[in-house]
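Same chain, two partners: chain A is paired with chain B first, then with chain C.
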Partner chain A sequence: MENPEDPPRFLTAAEAGLTGCRTCGAVNPGGAQTCYSCRSALTPPSAYSLQRVWAWLAAGLIAYVPANIYPMLRTTTFGRASENTLVGGIAELFSHGSYGVAFIVFFASIVIPVAKFLAIGYLAVSVRRPATLGSHDRLVLYEVVEFIGRWSMIDVFVVAILTALVQLDFAAAVTPGIAAVSFALSVAFTMLAAQSFDPRLIWNAEKREYE
Partner chain B sequence: MSTPEPATMKVSAQRPSPWRNLSLVWLVPLAALAVSLGVAWQAYSSRGVLIRITFENASGVVANETAVRYRDVAIGQVEELGFTEDLSKVTVWARIDKKIAPYLDQDAAFWVVRPEVSTRGISGLSTVLSGVYIEGTWDQEPGVAATRFEGADGPPLVQPGRDGRRITLRTPSGSMISEGAPVLFRGVEVGRLEQPRLTSSGDSVVVDAFIDAPHDRRINSATRFWDTSGFSVSFGASGLSLDVDSIASLVAGGIEFDTVFDGGKPVGKDTVFDIHEDEAAARRTAFARSQSEGVSVAVAFDESVAGLASGAAVRLGGVKVGEVSTLNAAIQNQSDEPEVRLIAKLLLQPSLMGLPPGAGETEVLDFLEQAVEGGLRARLAAAGLLSSELIVELVTLDEAAPARFDRSAEPFPELPSAPSDLPDFTATAEGAMERISELPVEELMAQAIATLASIEDLASADSTREVPAAAVALLEDTRALVAAPGTRALPAELNAAVAELRAILTEVQQGNAVANLSAALEQGSQAAASFAAASDELPALVSDFRALAAKANSLEAEELIRSASRLMNSADALIGTEEARDLPPALTGALDEVRRTLEALRQGGLVDNANATMASARGAADAVAAAAEGLPALSARLERLVAQSEALIASYGARSSFNSETLDALREVKTAARAVSQLARKIERDPNSLLFGK
Partner chain C sequence: MDPEQLIACPACDVLHRDQEVAKHTVARCARCGTVLAAPKSGAMTRIAMLSLTALILLAAAAGFPFLELQAQGLSHRASVLDAVLAFSRGPMAPLSLATGLLIVLLPAARYGALVYTLAPMALGWHPAPHAAAVYRWAERLKPWAMAEIFIIGVAVALVKVSGLARVGLGPAFWAFAALLVVTILTDSSICRLTVWKTLKTRRGS
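Let's look at the complex of A and B:
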């Protein structure tokens, strides 16, 4: 007799004596070291993998600081050089009335990275602590973070394209600043952090909580 | 069938040391952190120094954009703009490269570079596109770093740290000098003037000048500066002269300097030089040198010193020995009434007074004391004939009122003065003007006009016009006389006569007709004399001509014409007289006579006679001896004849062929006479030779 109030009872792969491959999704017998399908190493879900998440996340955060402090772009027009940081550029765009562009840039370079940091941090914490969100919601969150990660590079692409296109010597020239590199690193580190996170831990935690 | 039994997995809680299982991935954030911190630290440590510069205005300066440059290399950037507390100035905060900051001591100067067009050229063109920037300059020595600076309006004329010397110049008027004007030495720019400024009292303008090394070594106490700006036009005996130094100094003004005498001493830092009006004025001051070298004495004058000015010369025996340094009035209470006396302070140069080198004040005063005993007094004298300026003369007067050199007078030793003997120039000038006005100018003019009128009348008179025609007629008459056949025949006749004479003389050499010869010569002499007499009329004609000319010169026109007519009449008469016409025939006749005589001599059997005399050799010898006695007399007569003939020929005029022929003939006569004389002497010595032909 199933009580809807009761937490759902489910069987984890480990309980079933199986190990899922994280690369190709094939189900391997428990104790197997390599996936029979894709030959990648099979790791049991381990709380220690969280270390890597935290480490990458920290690296991403660290890299995000200079990305905001240092200028992103250095524009030279008729001998006048101007440097723009991320926030400065957004403020300038906004003051010039380009609200749409300002919003996109703001969203891509401020909101998304910060949201990712928060999301990954929350996921990592929720493995150990009782979570306010359900396991399914957290899995969705994880997938969104994974998906959106690659789009965070849009800023870096803009800088790279501008730098390549606007090289008109004296009249106008654009060169990337330190912030561009920092920002790219930060995005990369965040993506690695997201990848390091093992979503199976969500279910393990769920299980532990239930028991 | 057995259902697969799930394997029981022992999941034991792992409790190893958290450090043992620490993931290597942690190295990444650590590295990132290290790099970030490193970059941050480096950024912080290399962060420039914030300085504050205040400007009158900061047009074109933009925060976070305007660069600060040194020698055109960016060394910092403006970070912030603001105002001073009272809003009177703009404050610019700029961050300067840390390495440069220590050099920014109080000497540093900053200015905003903008496009500028001035007399010195166009500058800052590059800022038209790139925007203004702040340029700074400072010396090359790190000093006490400062962070507050006063911005300048423009680049300093002298880069800090540049070798050279800054001097201060003083001028009564700053109208001809401007900032940046060149300082020239022999026409070469060696420095520049800075901003002229008024002295606090406002009575003169001072301007700093910077003289570049090594030319600053030329500055010493003997250096004088003068104004070369603008151009000068002078008009004098040599004509109009326009003097322009250089276009730059014409526009911006300029100062030239030179060392005007030798032995200048190095000057201190605070020495102020005067800018003289021109080079001549500057060189005149060479005399003054330094005030300390002179010896000051005072002279009190009882008369007006109007015209005496500070700087007037003091002359001793005509030589400048000093100058008047100051003039002032002093009240002396000698008697009951206060008396105003005018005191001139003289600055005497010992070296110019003939005192030995190194003579000091004591020597000069000793000399003056002694000289005053001998009558030396100071008195006023005119500087020039027409000048109203006065100079002070030190003269020795014989009958000077007794006075003594007051050595103890205050503030300077006092030299006694003597009343001047200045001529009252005004009176003299008035007298001169009166005399000029008394001149009978009107009468003179009237007479001159009358004279000119009469000259005009004379020139237009018909009789004056006839004068040339009469003169032409006279000349034609003269030419006719000369061209007359008789006159032309005269030289030929003379030639013939001379030839005859020569023949006769040849015969004389062969024979013995001394007596006859003598007689013939007598006749020749007479003929010549009569010819000379006839010729004497010609000089008279010439003298008449002269008289005519003299009379013509004496402007007595009527008389001139009359006497010219008279002269022409008399010349006509002379030419028309039988006497003049007979002159050539008379000469011919005389010569004919000579010739006839000589022919007679030849035909008269001279040789036969000689042969006849041979019969009595003795007697002949005696006769010859007797004749030889008369030879000297003959020679003398011959000489006389020659002289007479020469005179005749000279009166006859130029070297015609006749003249030379005559001279030849006479020379032959002379030779013949000498030969006769020799013959006579030989016969005298050896009478036998006459007989034997040897």
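Let's look at the complex of A and C:
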């Protein structure tokens, strides 16, 4: 596999008037709508796709607000009810000395979502103006965001497990709070934002810089 | 040049000549380093077997209890099905549906689709009907199949409950642990573009 052109001048499918398939890599004629090899819908690399990224990212951000304000869990022990928010649950784990688990939940529920909002926003902005990070670094950032984003779902599963497990009549019972739903939605929306981002745009911006 | 002899990098769109790549070597994009081909001998068999294993583990993981709780003389065991049904009462029903989808149904669909498309490849047969569409869905489902994330959730829940009651691990916990390993092995064996190329050449032959 070598580039038909002499490096470092790379020829892309779009520049050659062709459309590359992001699913299988097949090269299709310019105006093709579906890939001849894998039948995926074809989209040429275009900044229009960023609108979808921004829309999903905004939805994810909006859902993240109630996820932090409202309770994730409501625990009833011997008739006494207590409610726990996302941050409250982490603080409780920490105060019980479960530092390792507290760190995992803190990382999955706070660090990853916030870092993901920033990273996707940065990637989408950097396509339109000269970026401070090089193209390779931005591709790595995109791959990390795509890989790690789904692990935020941990806390939603914890709520589901506790609800199913802690059903001991009067002694203890756990019910999920509204924040569990909004947190799950927030993770799903940001995953869709990351999937809507077309990494081919990273390199388009680089080309513009040289011109 | 005939576009059928070219391949476009899925991450950066640079055109490459689609040449035969020797087994056990990796061809990468000249500009961004994305893997364009990584043929391994027996890879299809390996992925098909791993996916079949994953399906069996999933069935065990869903049906058996993963944690058992004892407090005040009362005991309660929970399976994944219990966890899915936990939200089914009241306004949390969508969460119940999402948990069932992410932990059981989507992983099962993904591994089923992988077996369906790759087992005929492993046996050297022609692709099954609609193999391209089925494999496309397998790839699309990948980020949403979260069975391996669930086990971390079980571990966190175990710590959270341990102050409240005595907890024991059920057989499904070990099924999920094995599933985590099988998922990592499967994902590291699959080279997407190589699978597509195999599907394409087998269809033509």
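We adopt the following convention: the second predicted complex is superposed on the first by the 203 of 211 C-alpha atoms of A that agree within 3 Å, B and C clash if a C-alpha of one lies under 4 Å from a C-alpha of the other, contacts with A are read in each partner's own complex, and residues count from 1 in each chain.
The definition used in the following text is that a residue touches a chain if its C-beta (ideal position, glycine included) is under 8 Å from a C-beta of that chain, and two chains touch if they have at least 3 such contacts.
Worth saying up front: this structure is predicted, and the values here are computed from it rather than measured.
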Field: First, second, both or neither for A:R80, with chain B first and chain C second
entry: first
Query: Does chain B (first) or chain C (second) touch A:M153, or do both, or does neither?
result: second
- request: Determine, for the superposed model, which of the two partners chain B and chain C contacts more residues of chain A.
  value: C
Message: Contact-wise, after the overlay, does A:S40 reach chain B, chain C, both or neither (first, second, both, neither)?
response: second
- prompt: With the two structures laid over each other on chain A, which partner does A:I202 touch: chain B (first), chain C (second), both, or neither?
  reply: second
Field: Contacts of A:I62 with chain B and chain C, given as first, second, both or neither
entry: first
- request: Kindly classify A:F189 by the partners it touches after superposition: chain B alone (first), chain C alone (second), both, or neither?
  value: first
- prompt: So, does A:A14 touch the first partner chain B, the second partner chain C, both, or neither?
  reply: both
Query: Touching A:C24 in the superposition: chain B (first), chain C (second), both, neither?
result: second
- prompt: Taking the superposition as given, does A:L162 touch the first partner, chain B, the second, chain C, both, or neither?
  reply: second
Message: Give me the intersection of chain A's contacts with chain B and its contacts with chain C, in residue numbers.
response: 14, 16, 178
- prompt: Touching chain B in the complex: which residues of chain A?
  reply: 14-17, 30, 48, 51-52, 55-56, 58-59, 61-63, 65-66, 78-83, 178, 185, 189, 196
Field: Of all residues in chain A, those that touch chain C in their complex
entry: 1-4, 7, 10-14, 16, 18, 20-29, 37-40, 45, 77, 89, 93, 96, 98, 101, 104-105, 108, 135-136, 139, 146, 149-151, 153-169, 171-172, 176, 178, 180-181, 184, 188, 191, 195, 199-200, 202-203
- prompt: Touching chain A in the complex: which residues of chain B?
  reply: 6-7, 9, 11, 21-23, 25-29, 31-33, 36, 39-40, 64-65, 129-131
- line: As the complex stands, chain C meets chain A at residues 1, 3-4, 6-19, 21, 27, 30-33, 36-37, 66-67, 69, 71-72, 74, 76, 78-79, 82-87, 91-92, 94-96, 98-99, 102-103, 132-133, 135-136, 139, 143-144, 146, 149-150, 152-157, 159-161, 163-165, 192-193, 196-197, 199-200
